[in-house]
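Labels A, B, C and D are assigned to the chains in the order they are written; within every chain, residues are numbered from 1.
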Amino acid sequence: MVRLTDNDYGKSGVRLTKVVREGATQSLYEMKVDIRLGGDFERIYTQADNSLCIPTDTMKNTVYALARRESFDSPEAFGNILAAHFVESFAQVAWAEAAIEQTLWERISVDGAPHPYAFSGAGPARRTSLARRERDGAGVRIRGGIAGLEVIKTTGSRFSGFLVDEFTTLRETEDRILATSIDATWDFAARGADYNGAFETALRVIPRAFALHDSHSVQETIFAMGEALLEEAPALSSVSFSLPNRHRLAVNLEPFRMTNANDIFVPTSEPFGLIAGTVARE
Amino acid sequence: MVRLTDNDYGKSGVRLTKVVREGATQSLYEMKVDIRLGGDFERIYTQADNSLCIPTDTMKNTVYALARRESFDSPEAFGNILAAHFVESFAQVAWAEAAIEQTLWERISVDGAPHPYAFSGAGPARRTSLARRERDGAGVRIRGGIAGLEVIKTTGSRFSGFLVDEFTTLRETEDRILATSIDATWDFAARGADYNGAFETALRVIPRAFALHDSHSVQETIFAMGEALLEEAPALSSVSFSLPNRHRLAVNLEPFRMTNANDIFVPTSEPFGLIAGTVARE
Amino acid sequence: MVRLTDNDYGKSGVRLTKVVREGATQSLYEMKVDIRLGGDFERIYTQADNSLCIPTDTMKNTVYALARRESFDSPEAFGNILAAHFVESFAQVAWAEAAIEQTLWERISVDGAPHPYAFSGAGPARRTSLARRERDGAGVRIRGGIAGLEVIKTTGSRFSGFLVDEFTTLRETEDRILATSIDATWDFAARGADYNGAFETALRVIPRAFALHDSHSVQETIFAMGEALLEEAPALSSVSFSLPNRHRLAVNLEPFRMTNANDIFVPTSEPFGLIAGTVARE
Amino acid sequence: MVRLTDNDYGKSGVRLTKVVREGATQSLYEMKVDIRLGGDFERIYTQADNSLCIPTDTMKNTVYALARRESFDSPEAFGNILAAHFVESFAQVAWAEAAIEQTLWERISVDGAPHPYAFSGAGPARRTSLARRERDGAGVRIRGGIAGLEVIKTTGSRFSGFLVDEFTTLRETEDRILATSIDATWDFAARGADYNGAFETALRVIPRAFALHDSHSVQETIFAMGEALLEEAPALSSVSFSLPNRHRLAVNLEPFRMTNANDIFVPTSEPFGLIAGTVARE
C-alpha cells in the first residue's frame, strides 16, 4: 500500500506589467509572480476529487485582478496581498507563498533629464521578494532581495593560507580578480517595514562593501557585505548571500615566450565555487 | 553586533567524462557534479582564517582523481564515494553532499547493431542522484532520479469539477492535451540497492503509467505514476514528483469562420502550473 | 540626407500544436514557425504609412488558420503553403520565407507496443525546414534539415599533421574523443520530393557515417557524412553541415601521482571549434 | 560523384579578460571572440590532409597572445588586429573575420566617486564588433554595434491604418506600450574612425530617439533612430537595426467586472514581431 505524504502546487511564471500614471509621469512595474499553495489537497491526487482544487489558471487571473484592484508600491507589498488573498479566501489553504521577481527599469536620460515614460533596462540584476502566509496564527513572513547583481574587482582580493591535501593544486595568491553574481535575500525585523528603502540601501551598500573590502575569501566578503548592510539598514534583521565564484584564470603565455603581467585571463562559467552565508543581528 | 548564523559552500558544475573500455566495447559516463559541504567553517567568514578551508578547486580535483581511482557503475555510487571522502578526510566537515546529473547517451545503431563506441544523445532527460553523508552516526542518504523527461498525450486527460470563484474563467474539459516535463527523485529502502535497476524501471514504468492513466488532473497523474513505480520497484521506499503543466491552449478560430476541431493549439511555456507530490509506502 | 536601404520583417516564434486523428490513433505535430517578408514596405518606415503593412499579428493568425484548413505531413510542405500564401495574397510581397523547427516526439512504448496517443520527447534534436517563395517566376526553394543532433565517439578519431606556428600548443593525437551537435540542411533536386523520406534517411545515415568514419578531422567527418547521405538519398542535391567541436580535454592527473589512461576528461562548451562545409553532387 | 562546394571554420566563444593598469586606476576589457577563416582548406575535408589546417586551438592561443602583445582600446581595433594577423600570416587564408562581444562594466560608485578597480554589470546590453579582412586588395570592413539594449515606453506609440485581411484580428490602437531589445550595427565611413566615440554616441542617441519619437510602428521607430544616429555621428555611413516587438498584451478584466484602464498587461516573449531596417547616408 502507498500513500501521499507531501504535496503542494501553484502557478509559476505569471508575467505582469502595471503602468501607474501620475500626471504626465508614468511608472512601470514588471514582475514575474510564482504562487504556491499547501493545504487540504490530498483528494485531488488520490480520489480524482477536484472540488477543493483552485485551478492554477485562477491563480493567474487573481494576480492580474489584484494588480488592478489593489494599490502597492513594492513587490513585497504585492506578494503579501496575494498570499493573504489565498489564505483568507479558501479554508483548505494552510499556507500560501508569492515569490516575485521584478525587472529593473530606469528612466532614459534625455539631455540630462529623466524621461517621463521611457525606460531602459537597468542591468541584469532583478529585485526579488517572497511573501508567505500561514492560516493559523501570526504566520507572516516577508523577505526582500536582489538576484544576479554582477560585480568584479581587478585587485583587492587574495586567497591563501588554505588547507592543502593530496588533491590540492591551487596556488596561493595575494592578488586575484574577484568576480561574482550576488544573490541576497533579507528578513525584516518588523512588519510593514520600508521595503523600497531597504532595497535601495542594499543596492547602494552591497556593491560599495564589495568594492571597499580587502578580501581574503569569498566567504569573508559575504560577511563584510552582510555586516555593512545590517549596519546601514536598521529595518533588516538578517541577510543571506549565495555567491558563485566566477573564476578568472590567468593564461599561461610562456609557450609564446611572453610573461603574463597578471593582465590576461580566461573568464570561466563552469565549474564555479558557490559560497553561502547568513549574517544576523545578535 | 552581528554574527554568522548559517553557512555552507562547495563546487558546482564539475563536468566529467569517464570512458570505460572492455575489449572492443567502450562505455561512457558523462556527469555534472556539484559538491557541497557544511561544518566548522565560520572562521573563514569572520576571521580571515582559511586554515580549515578546503578550496573548491581541490573539490574539483577530487572529483577527477576519484573518478580515476575508484570503480563505480552509477551516479548514486560515485556520489556516495565523493560524499564519504569529504566526511572521512576532514574533521571539520559535518556533512557533505554530491549532487550528480548524468547525460544519457545511447549507442548508435548501425544496420540494427549497437555500435561499440559511438553514441547519440538519448533525449533531453538526464539521470540525477543526490548522496549525502553526515559525520556522526549512520547518516547516509542516497536518492536517484530523472529530470526533464518530456511527455505528452493528446487525449486521455480531463479537468473538471474544480472550485469556481470570482476569478475563475477556465472551462471544464473532458478531453485535453496533457504535456509535462517530469522531474522525479526516489529514496531507496536499503543501502546498496540496485541503483541502475531502479533507474531502468523508472524509465520504463513512469512513461507507461503516464500513457495508460486516465487523468483527472496532473495531481492524480502524479499519484498514479508514483503508485505504479513503487509497485514495480521494490527497492524504493518513496518517490517525489514535480511536474510543470505545459499548457496547450486551443486557438480561437471563429474570427476566421473556422471551427477548431480540438486539433489546433498554442503550446505555452509561461505561465505554467507546477504540481508536486510524494508517494511513499505505508 | 539619409534613406532606407534595406528592410524586411516578420513574426517569429509562432508555436503550433496540430493533432491529427485517424481512428484510435492520434498523431502530433509541434512546430515553431518564423515568417519573414520582403517587399514594398518602405513607406511604413519613412512615411508613417501602414496601409501596405501586414501586421505580424495577422501572420500569427495565418499560421493557425492555414494549419487548420490545409493538409500537410511535413514541415517542408507546411512552410511552402505559408510562403506561397503571402506571395500570392499580397502584391507588395516580393518574397516570403517560412522557417520551421519541429519538435520530435516518439510514441511511448507500453509492453513493447507503441501507444496510440502518448509520446515522449525524442531527443534534443529538432527537425528543421526553410521554404522561400519569390513573387516573380519560378522562385521556390525548400530546404530540409536537422538541428542539435548530439553525437559522441570515444575512439576512431585523430588529429595530426596540422600546421604549427608560434602560437600552437596543441599536441597531435591518434586517439581522441570526438563530440559534436550536428546541424545539417539539405536541398532537394526537384520540387515535391519525399520530404519525410529524406529526413528519415538523414536520421539513419548521418549518425551511422559518424560512427563508422575513421576521422582525421571534424572537416573530414563532415565530408564523409555528406558523401554518405547523398549516396543514400537520391532526392537530395546538396547538404550543408555546421559542427561545433565539443572538446573533451584529458585531465592532468600527474599532480595526484596518477596516470590518465585516456579515460578521464573534462567536457567543455566554450571555446569550441566551429566547422562548416557543403557537399553537393557534381 | 560529390564534391565540397563551400567551407569555412574557426573558433567560437574565446573568452578573454584584459586588465589595464594606469597608476592606481585599473580598467577592464571582457570580450567573447569568434574567429572565422575561409580559404584553401578543401584538402582537410576531402584528402585527410591537415597540412594547411590552422588548429582552432591555435586561434584561441592567438587571441590571448595578441591581447597581451598588442595595445588596443576598443573591440573594433582588437578585432582588426586579429583578422589582419590571420590574413597576413597564412597564404591559404583568403579572408578572416573576428566577431567580438564585449561585456559592459561600469565603475561602482562609492559615496559619489567612481571606484578605481571595482565594477558592476552595466545592463544586459553588450557592445559588438565585426572586423573582416580579405587577402586581396583593400578588403577591410569594420562594423561596430550594440546588442540587447532593452527599452520600453508606456505611451507615445500607436499602430493603426494597417492592412486588414481575412485573418486580421488585431485592433487599431492610438496608445500602446512599445518594448524591444535593440540590436544595432554600424559601418564607418573611413578607416581608423573613433570607434569608442561612435559607440558612446549610439548609447546616448538611440535610447533618446526611442524616447522622443512619436511612433506609428516599430518600423518608423527604426528609421527615426537611424536618422538621429547618423545626424549625430558623422563617422558613420550606415546603421542597421533588428528589433523584436516584445508585446505587452492588455489583460481582459471584464470577467472580473473590472475595467482595464490601459494599465494591466501581460509581457510576452513569444511570438514576437521582428523588424529590420538599414538607414544610410545618401
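Throughout what follows, a contact is a pair of C-beta atoms (placed from the backbone, for glycine too) under 8 Å apart; a residue touches a chain by one contact, two chains touch by 3 or more.
The structure presented is a predicted model; accordingly, all values stated were derived computationally and were not measured.
Contact with both chain C and chain D is made by A, B. Shared contact partners of chain B and chain C, listed by label: A, D. Ranked by separation of Cα centres from chain B, the top chain is D.
Each chain gets a centre from the mean of its Cα atoms; for chain A and chain B, those two points are 24 Å apart. Here the CA centre of chain A is 37 Å from the CA centre of chain C.
Remark: chain A and chain D have CA centroids separated by 29 Å (rounded to whole angstrom). Annotation for chain B: residues 15, 61, 65, 167, 169, 255-256, 269-270 touch two or more other chains.
Considering their complex, residues 166-167, 169, 255-256, 269-270 of chain D touch chain B.
Remark: chain D residues 15-21, 26, 28, 30, 61, 64-65, 67-69, 105, 108-111, 115, 117-125, 149-156, 177, 207-208, 210-212, 248, 251, 253, 255-256, 258, 260-268 touch chain A in the complex.
Residue ranges on chain B touching chain A, taken from their complex, read 1-15, 34, 36, 41, 44-46, 48-58, 60-62, 65, 89-90, 159-163, 165, 167-170, 216-220, 222-223, 226-227, 230-231, 238, 240, 244-245, 269-282.
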